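In the two complexes that follow, subunit A is the common piece, with subunit B as its partner first and subunit C second.
Right, the complex of A and B next:
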């Protein structure tokens, strides 16, 4: 093979195994990245993409090791370097941008310290280091004054934190940069800004990039080349447009079709509202202590209808759904359910009212009691709200079936389930009591895109069976896939409310227009051809 | 942060007051008549009656308490029944001895156990870690006077004869070695274990991984990135342990025959010397509260969120997030209750 001088990263047949089980976490992976180009490394969680990313910095997580293969960065074989040389390499030749800047920035250190120490081994004077730090901060559109540098990470917003992380990676002018899902925790608007920054920085610096993500839409937007990982294997690799146009591997196809389309025909059009909707919220205002979070909220949900609450983090959408479910008490205004007013606190609602409104939480990893079997998780609320069932197995089996899980899952513990399966169990637990309204609070945001699509299908089926849904999300693309009507929340107020088709095609409010513009619009061309 | 410290200080004073009530009530509930105790068995009824008047024993309990509390606030702890000396004077030298003992134990135990804990975390699941964890477990499960006796047998006159095992007024500084070592060994195990656990958690955190991926020297990673984040939780345990010293000295002083507050307390109980018992118990409680307060302050100071938000209440983030995110990149607006909840 001829050596291309523009090749920054070359990985040959890399295999990483776990210790002591000797399971291969990634097997015989080979990739190359050229200067100034970005490789999108796509796969679901557990596919080994982060392990691969870290091995590019000669770092192995606990209890893993490189079994064979080689990694060359800038022509240097990482395996041959001493510990000291590896330290010199990191930050200078390769830099890493972490998934969650909130946990990757040290909470106890000022930004100044964390940014300047990335230049630890450069032969620069103190003043030169400070100047370089300021320069990079300007490049990522952050202030470069002393007041900003004296801040701690918790004093920044999520987007600012991620831009600090980007600045930290670029400050040493690395040849290669590894980005591990850097936008996962961010809103679409923030994500759009961060992606633009990354694209501009790699171009200006001529840096090669490896962008790890499970979201095909983001990668399609950003990467020159795409490599798809599935269960530790590299199953497909090629130029971005080619992969998008003609995916060869079955898994790639699935990934592509899982991406929710921004503009679809929706899931049925909104019908004329009935006389009396199932849930009617009027003039609701809520807050925490003296902080007002919601103001003048009017929303209604009819039987068998899905209403989406769309907004960024901090817009108050979770507070609203919690108020409806009786979990948040500090609100004023009227909440009518089936014509009857709902008490503010769930303690004061009748068992019947509580049975008919069920809640599914955002993070399935935290919402299930790890010590209880699936069966007991499902029967718990049922026994409490409906009474002791004559045939508990039938109740569990029916709930699992409605959540598209086999009845055999009843005997499992949560740790024996994948993220998507856990969320299905949460849904099964909610539908077990046969509610009329299900409040879904960002229930797909902790899941991979491919799993997300399955959950959306499941919710549509439930809705076809007559269930009303209040679907809280920050993902505008999901809205058109599931909801009939959408309420767009911005800073505690509903700025737009109407049928999904109308809001998506002719958004009336500036904020909605911005949201739509910031969302990567993605339509796999192969789907159209089929 | 000043406000938080003030609140904690207030709670400390409240606790101390509650302790004073309990102490006073307990000594009231003790069987026996104070006047009889003071005057002995052969006192005439007239003299006893006169003394009762003098001691306000005829007054209602609440008045007696108020009187006692008032004296207490003026620094007058009363007069010892057994030797007729003002309690404050009488306690001066024993208190000094006890503080020396506790101070030495704290000075040895804290840094050593922090180092052992941190090193165990670094050497997780290797020889050193296993040895340290076994050692601390054994030490934690053996009462401190047994440790003291073992130390005396091993290093005292009966064994290697390196240090004296009994205190004497003329003794040199080496007589402090065994008692303070005993106390140090008694307080160290939980600190070691907490430091190890916290350090492991911090070392597994993403910001430590990020620091390593920046290519920083392992020592910098450890002391600049890991240690400051481990201090908060560990400080609490150190405080609990050092506060325990205040009570723990009692047995150790008895064992090594050191004239400290512990020994005074034992003698006081034997002699039913109520003012002395009250004073010593209040003193021990005071030390307990003070040490815990210090730990709270250190814990708060180690947490930049508290440190910064106290000085400039909520302003930095609000203004900052708005002014610099005008390009629309605001993540969490200031009003976000979740972010607030975290900061509190």
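Right, the complex of A and C next:
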């Protein structure tokens, strides 16, 4: 590595430790990024990628500190500077785009104030600041008129908020920009726009970018170079195409193969629908108060079949799944389960119906009672719906086994489990009562891509054992990996409904086509070799 | 750098063996809690063991009124010539019993009201909480004095009045805590399988509001001690000749210049007990804040 003027960021042997335990959160990491290039920093949660990202701004989270190493931005070592000097550099030399734009923007400040503040350059006149703010807004494809500048963050959509955050980062023409999963929580369409904006801005400004993500597919699209972090170490680093073509580290290979492929033949062929499907939803309309979020929904799920409900946030997919589970009561239309109508409220359904329809929630961190052991989490619903088991341990062990967890997990509390393990416990809780239909509401969206792949495998196995799944997701790539049929929801209506293979290869509706086009199409070239 | 396949298993196993310490253990980690437990412990010990080690009967006359320096009577006699030490040792448990039962009852009822209002929402929430507001409008002590002077000083009435004055305060705190808990999906998971509402409240919600509950219990206990003692002092609590710290102060305050002990002893005891209970509560609430935010300190 020769030092040349194109190198903007240079990190040498950086080690960050946690206090007071002195555990190394990241150890001896060295990276360089050149002008106008983007480095994709990939790793699962807890790998230290955010810690590394923050240390590039010479910022440390509570109870952490930089133990040794150098962070050079544009030739200046940030670790040596005083707090005041670092503050001056932030926003000018280094800028940061955080994960959630909604919490990154101050809700009490108008965009004008927000953006001018980010420029914090005393040498500029007021008019120059205003001009610069307008210029950067135009560059991120947002309106630059006074009406827009007078808005508050809550008056913007998620994508607009994230673009304002990008504008805030670029307004001071930084040399380095750190992006911490800026597209998590955005729809694919919005994500595609935001990624294109980031790409263009770094090129035009000659800014070096560090893009932190757990999603290989996004990074593969965007980055010039990839660095893979695993448990605080940098395990692999190289040009993007080289890493994708020939990953050297075992962990990189695992990450790559975890990415769901966009185009598959679907999970098995869709069979001819039976005479009477297990679940038939017809003419369903639902809403909250006077707002209607769903209109004219017809979906059916046959025994042992997986039907995916695909839609972006706000499309009403969660409302639909909750209506089926009896958690959302304000709906009209017919929901037939095994030929019998399902009551609106779960409390009016028979115990047998409640047993046969189980629901798995989106966020495993909230779906388990923190005060109960795994054993009791599983036995609670079982006792209530099936009855007192003769051998409780066998029930728990069997449920855990079907969720691919060892029986020894029964004595743990939720806080002793990782996100993926928690979601498995949620699945175990649902399968313990031997349901016929499992409604999965975005159950992988809170999890890393590598964990998501494991959960998907688990669901496919359950389905092979004869369980029907209603799989709600916003991720079109997952659909083609798990479902036989897919219903695409847009603004409360089903715009496309059919076998996965057909919908993916020849989408009939414009919206589906746009969704497929905006999703990063990822094929690891090394997969063929294995 | 070892292979990624073996390492996580080891890490998980190590992590699993240790669970984050609970509220009580975290609170015990603070020095103030230990001091509080020691202070409160001494007074509780005096109050509970006192009657068994007292040298005389509480109503036995052993000296002249306000006489000091009598042989075998350490702290002298009170306004009627009864042994001050004996009456001090006898007078604590009534105060403690009244305070503990009043606080316990108030917190129990308040918790039920709070959880029901927070979970059921709708008109029930409105009715319960507006009724709470009405109760809150009465000043605690004045309300107690008013009821006492109408119905007359009775032991059960003291407990009831203090408990009732605690209910709205506890209910508010617990309602807020409940609202936070029911936002989480595990409550919806219980609803989805049709678990009866009362079981959801008892099994899913109650264990998750124990942190604010313990803090409230400590706080209400401290208030109860104060109110019971004040009622005793004002003659609205226990009636003579019962030995009671509050009553003792009232009966003997005229002779304070010549014989300070019958005032000093109960006043010190009540002060130490209150400070101790407060320190424990403080430790608990600090621990609860840490746990709620999920930060290790």
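Quick note on the criterion: the second predicted complex is superposed on the first by the 527 of 530 C-alpha atoms of A that agree within 3 Å, B and C clash if a C-alpha of one lies under 4 Å from a C-alpha of the other, contacts with A are read in each partner's own complex, and residues count from 1 in each chain.
Keep this in mind: a residue touches a chain if its C-beta (ideal position, glycine included) is under 8 Å from a C-beta of that chain, and two chains touch if they have at least 3 such contacts.
Every value quoted in this text rests on a predicted model; they were computed, and no experiment measured them.
*Asks:* In the overlay, answer first, second, both or neither for which of subunit B and subunit C A:79 touches.
*Replies:* neither
*Asks:* Once chain A of both complexes is superposed, is A:369 in touch with subunit B (first), subunit C (second), both, or neither?
*Replies:* second
*Asks:* Between subunit B (first) and subunit C (second), which, if any, makes contact with A:105: first, second, both or neither?
*Replies:* Only subunit B; A:105 stays clear of subunit C.
*Asks:* Between subunit C and subunit B, which one touches more residues of subunit A when both complexes sit on the common chain A?
*Replies:* Partner with more touched residues of subunit A: B.
*Asks:* Of the partners subunit B and subunit C, which touch A:23 in the superposed model: first, second, both, neither?
*Replies:* Once the two structures are laid over each other on A, A:23 reaches no partner at all.
*Asks:* Would you sort A:347 into first (subunit B), second (subunit C), both or neither based on which partner it touches?
*Replies:* Once the two structures are laid over each other on A, A:347 reaches subunit C alone.
*Asks:* For A:128 in the superposed arrangement: first (subunit B), second (subunit C), both or neither?
*Replies:* neither
*Asks:* Do subunit B and subunit C land on any of the same subunit A residues, and which?
*Replies:* Overlap of subunit B and subunit C footprints on subunit A: residues 62.
*Asks:* In the complex of these two chains, what residues of subunit B are touching subunit A?
*Replies:* Of all residues in subunit B, those touching subunit A are 204-217, 220, 224-225, 228-229, 302-305, 308, 316-317, 320-321, 324-325, 327-333, 335-343.
*Asks:* Under the definition above, what is the set of subunit C residues touching subunit A in their complex?
*Replies:* Interface residues on subunit C, with respect to subunit A: 1, 3-5, 7, 12, 15-16, 19-20, 183-186, 188-195, 203-204, 207-208, 210, 295-296.
*Asks:* Spell out the residues on subunit A that touch subunit C in their complex, using ranges where they run on.
*Replies:* Touch list, subunit A to subunit C: 62-63, 230-231, 233, 235, 250-251, 254, 325-327, 346-347, 349, 351, 354-355, 358-359, 361-363, 366-372, 380-381, 384-385, 412-413, 415-416, 418, 426, 429, 433.
*Asks:* Quick one: which bits of subunit A touch subunit B in the complex? Just the residue numbers, please.
*Replies:* 54, 57, 59, 62, 86-92, 95-96, 98-100, 103-109, 113, 117-118, 120-121, 141-143, 148, 151-152, 154-161, 163, 168, 186-187, 189-190, 193-194, 287-288, 291-293, 313-314, 319, 491-492, 514
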